[in-house]
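Both complexes below contain chain A, partnered by chain B and then by chain C.
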Partner chain A sequence: MNWGVSELTVTFGDTVALDRVSLNAPSGRVTGVVGGDGAGKTTLLRCLAGVVKPAAGEVRSPPRERMGYLSAKSGTYPDLSVEENLSFSAQAYGMPTAEARVRTEELLQRTGLAYARARLAGQLSGGMRQKLGVVRAMLHRPELLVLDEPTTGIDPVSRADLWWLIARAAAEGAAVVLTTAYLDEAERASWLLALDDGQTLAQGTPEDIASSVKGTIHRADQRPTADVATRSWRRAATWRIWTPPATEAMTMPAPDPAQWELVRPDLTDAVTVAALAREAAGHGGRRPA
Partner chain B sequence: MIVKEFRQVRRDHRTLGMMIFMPILMLIVFGYAASFDVKTIPVEVVGPTADRIAGLLPTPFKVEKVDAAAGRSEAEIALRDGDFAVAFVTGPASSGATGGGQPAPVAATVLVDGSQLFIATATRAAYAIFAQKAPAGTSLKLEILFNPALETSAMMVPGLAAMILLFVGTIITSLGVVRERQAGTLEQLAVMPFRPRDVFVGKIAPYFLVAAVDMTVVILAGMLLFDVPFRGSVLALGLGALLFLFVTLGIGVMISSVSDNQGQAIQLALMTLLPQVMLSGLIFPLSSMPPGVRWIGYLLPLTYFVDIARGVMLRGAPISALWPSYVYLAVIGGAVFGAATMRFRAFLAPGGGRGRGAGERSAGDAAR
Partner chain C sequence: MPLAEAAAVTRRFDDVVAVDRADLTVAPGEVVGLLGANGAGKTTLIRLLLGLLLPTTGSVRLFGTAPSRETRRRLGYVPQGLGLYEDLTPRENLAFAQHAFGVERRVLADDLRRFDDTPVGRLPLGVQRRVAFEQALAHRPDLLVLDEPTSGVGPLARARLWETIRDAADDGRGVLVTTHYMDEAQECDRLVVMADGRVVAEGSVAAIVGAARAVVVVTEQWQRAFERLERAGMAVALVGRALRVPGAHLTDVAAALSGISADIRESAASLEERFLQLSRSTQ
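Coming up: the complex of A and B.
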């Protein structure tokens, strides 16, 4: 099945949270939604889950029995144990007891939650609680698995476990839609939608998006001069400077090869550049960090 | 620091409201309502010489019904049914009636409803004065029914049972639903394959059971430890409790649907509980309140369940006598419960309810 949204518009009062956004989420694929805080990622997922009513556009999602949803707030009961949380969910979705037990056991073992099965969810570390949330959402083998920031604030080891779970759900045939604020891990998704201020910034495979950058990107070891400040951003200990194609030949001083090194844009660069370009065109008011 | 605190208080309309509302409520309650003094005692006078006795009764007795045709059994029923707390049962005019303008000596038995503790105490005091001043030859007798020793526990235990239903129903239920909202699991429930009714019933059924068990324990403990009588039918009390629980659970769900966190829920629940406890006749007798405050008492559901609990347990009153209380509870219960179900349905529906929490969060995020 091909779940997703078409021309989706969501408003909260006067605020347009999503503006004609379209996204396909076919079975077996991990589809990522990236964007800064307030870009509309959560709203898009809540529409898919059916907890937000769109103002316009179409939402294609399966009936509730065949959908799994992890909200950004985790959605597990802090005062129930790991096992109790899972058995509540299994019962709610009408899973046969024996099947639920086998699947619970397997997922708990694989994610390292097995030894904490009797612990209250409220006493789990952030990473373990997130894993529990994802296990809970995919336990009943949903056709559409919607995960809101499953990896936010999680250490790399737990994140690897989470990605294993996510890949597993997709391998089982689920259409997975997830949001993440981390562009480096977004590359693990097969398809990406980048949102900015409720609008589509870019869409495609991570490679497509990375190679779609117009203009050039240089790396500098020192803070660039003020004339390019609006086109530069910091990455780790270095700076990146974007040179739009139109100005490349004309107004730009020739890059000083001693200071600037031409780089091949990656996904992070591409999304940042897309946001900068949108800002330069007069949309959006916010500079990416 | 002070400025910050004031800013926060100003944002929290509910606390602000409570700070203003509570002193006013306290003033009303303690200024007007909190009175154990019984200033007037409505009485019924029955028996062959009812008219004569009625004419003799001094204040605080206030004769409201005179029925020469009725006798002791009718008077007892009137007391049992809660129509009157005090009845004078007069005897026949003495056969040794003298002429010469001297009234014939009369006899009367004063029946007092001991379940209405303060009225009974006041009656006893007023009776003593009346017995001294009554015309010579008048023979008087005082009989306290239902709670002869005028035990406070007999009055308090049914009231306590009522209060437990109120507390469990309102506070615990409102906390249960708000906890779900606070933990972010309410949204999770909304996407699970539950019908709103399943969630609603699942949410309140446990508290319903807890409240029922609690009430049974209190009543049994009262009977065993304090010898509180249980004269009426368990069914009559059970029906009253059921209706009352519907009201309190409904109020609990309503409170939770307009509260974002447990603190707010408790605050609001207390605001509905305090007036009920103070003005329902649970502690201070309704009849000693001035009419301006008493009518508030008559709006509160607890008033009616206290009436039922005391009537059934202490006086053995049947449903047929207490029916207005049952009807009132059923009407209020139906209304509150219906409204609560609708609110519940609304906030489980897509984009429904007040959309508080996650909904406004995304809106806020988008606006940032």
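Coming up: the complex of A and C.
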């Protein structure tokens, strides 16, 4: 199956939260949605999960009983134990008891949650609670698994367990759609949609997005000055400088070719450039709420 | 002389050893990244360095002396929760902090001034984090301690925050940063990795990754391959359209995948993979 959205527009009052966004989410693929605070990631996932009604466009998602959804706020009952959370879910989805027990046990063991099975979800660490939330969302083998920021603020060891669950769900044939604010993590998805301020910045494999940069990117050892400073940013001990296509002709030859080295953009460069371009155009996710 | 120095520091809570003979230094002008899973001891070590906790054994020196009220004045700290007053504007937050430290008024950075009249609680998270940085830097501290400084912000906002961090280091300040993200770790001059209360690795990214390897599998039938490697008891991860098995032998992976057409090769481990190995080997 190919779930997803087409030409999706969502408005909240006068604010356009999503503007004609399209995304396919085929079975067995991990599809990532990236973007900063307020980009529209959560709204897109809430549409897929059927909790937000779009103003226009199409949402293709399975009926609720064949979908798993973990919201960014909470995905567990704090007053129930780990096991009770899962058996409650299994019952809600009508899973046969024996099958639910075997699957619960396997997923708890593999993610290091088994020893905490009797603990209340509200008393778990952030990483363990998040693992429980993902196990709960995928327990009934949903066809579409929607996870909103499953790893934000989670330590790398728990995050590795979370990514194992995500890969496992995809290996079982689920279409997985997840959001993240981190681009190193986004590279683990095989398809990405980059959003900014409700609009599509880029879409494709991480490599596609990296090579979609318009203009050129240089690396410099010295901080760029004057007008160049506004289209540069720092990466570790060096600076990146973006030259948009329109100004390429004007800045040629480069101010000091000996100090500027042309680089092949990576995913982080590409998404940063896209955000810079929108900022330069006068609208870039910086509006007061 | 280092700005901060922990020497063979141990801290016990009842019979739990939270920090176990840890060494750590931060020199002027350097950005040191502190990595560790939850429970590895990072937060306790930071609290020891800030002088909020006393070591059970070992010594902590800040600016060459024991942590005190005086050393607090030379320290800027941004906690995970940011420590801002949400109902005050950025300018009011800054004025309040400057008053507390008894330093002269400093104005907000140019690009923050347009948020002057908005209560902090209503600003985008990236802007809130910038304000928290400005506040921590307001009294020109010699040492800056940042706990997960960019959690939850987008790439451009993160790049801008890192610009502020690197500028502070260029200006001669020392910076200690905790992070869960390897991209961010690579922005640091030096890394200190903790696991189970101990410092288990230290140095540049290259030094920490060292000779660690991973086996990379690319195949159309990744789902079958994933199941096979799982069943063979290997720690397999899905990264883009490839499967990665850190620390495995090429021949074992090939044996587990017999009958599946796949491109199997070895590559250097990533920092994250090496970090996971270090963290798990102590559990």
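Throughout what follows, the second predicted complex is superposed on the first by the 264 of 289 C-alpha atoms of A that agree within 3 Å, B and C clash if a C-alpha of one lies under 4 Å from a C-alpha of the other, contacts with A are read in each partner's own complex, and residues count from 1 in each chain.
Rule of thumb we're sticking to: contacts are C-beta pairs under 8 Å (C-beta built on N, C-alpha and C of every residue); 3 or more make two chains touch, one makes a residue touch a chain.
Quick caveat, the model's predicted, so the values are computed rather than measured.
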Clash or fit: chain B against chain C, after overlaying the two structures on chain A? fit
For A:Pro265, select first, second, both or neither according to whether it touches chain B, chain C, the two together, or no partner. neither
Based on the superposed arrangement, let me know which partner A:Ser74 touches: chain B (first), chain C (second), both, or neither? first
With the two complexes superposed on chain A, say which partner A:Arg46 touches: chain B (first), chain C (second), both, or neither. first
Spatial angle chain C-chain A-chain B, Cα centroids [nearest 10 degrees]: 100
Thinking of the overlay built on chain A, is A:Gly126 touched by chain B (first), by chain C (second), by both, or by neither? second
Between chain B (first) and chain C (second), which, if any, makes contact with A:Arg64: first, second, both or neither? first
Which holds for A:Ala237: it touches chain B only (first), chain C only (second), both, or neither? second
Should A:Pro150 be classified as contacting the first partner (chain B), the second (chain C), both, or neither? neither
Applying the document's definition of touch, where does A:Gly38 land relative to chain B and chain C: first, second, both, or neither? both
Chain C versus chain B, contacts on chain A by residue: C
What does the superposition give for the shortest Cα distance from chain B to chain C, in Å? 6
So which bits of chain A does chain B touch that chain C touches too? 37-38
Where on chain B does chain A make contact in their complex? 183-185, 187-188, 190-194, 350-351, 355, 358-368
Tell me, which parts of chain A touch chain C in their complex? 28, 30, 35-39, 125-127, 152-160, 163-164, 166-168, 170-173, 181-185, 187-190, 196, 205-206, 233-237, 268, 271-272, 275-276, 279, 284-286, 288-289
Residue ranges of chain C in contact with chain A within the complex: 35-39, 115, 118, 122-127, 148, 151-157, 159-160, 162-163, 166, 180-183, 186-187, 189, 222-223, 226-227, 236-241, 272, 275-276, 279-280
Partner chain B, residues of chain A touching it in the complex: 12-13, 15-17, 37-38, 40, 42-43, 46, 49-53, 63-65, 67, 69, 71-78, 89, 92-94, 197-198
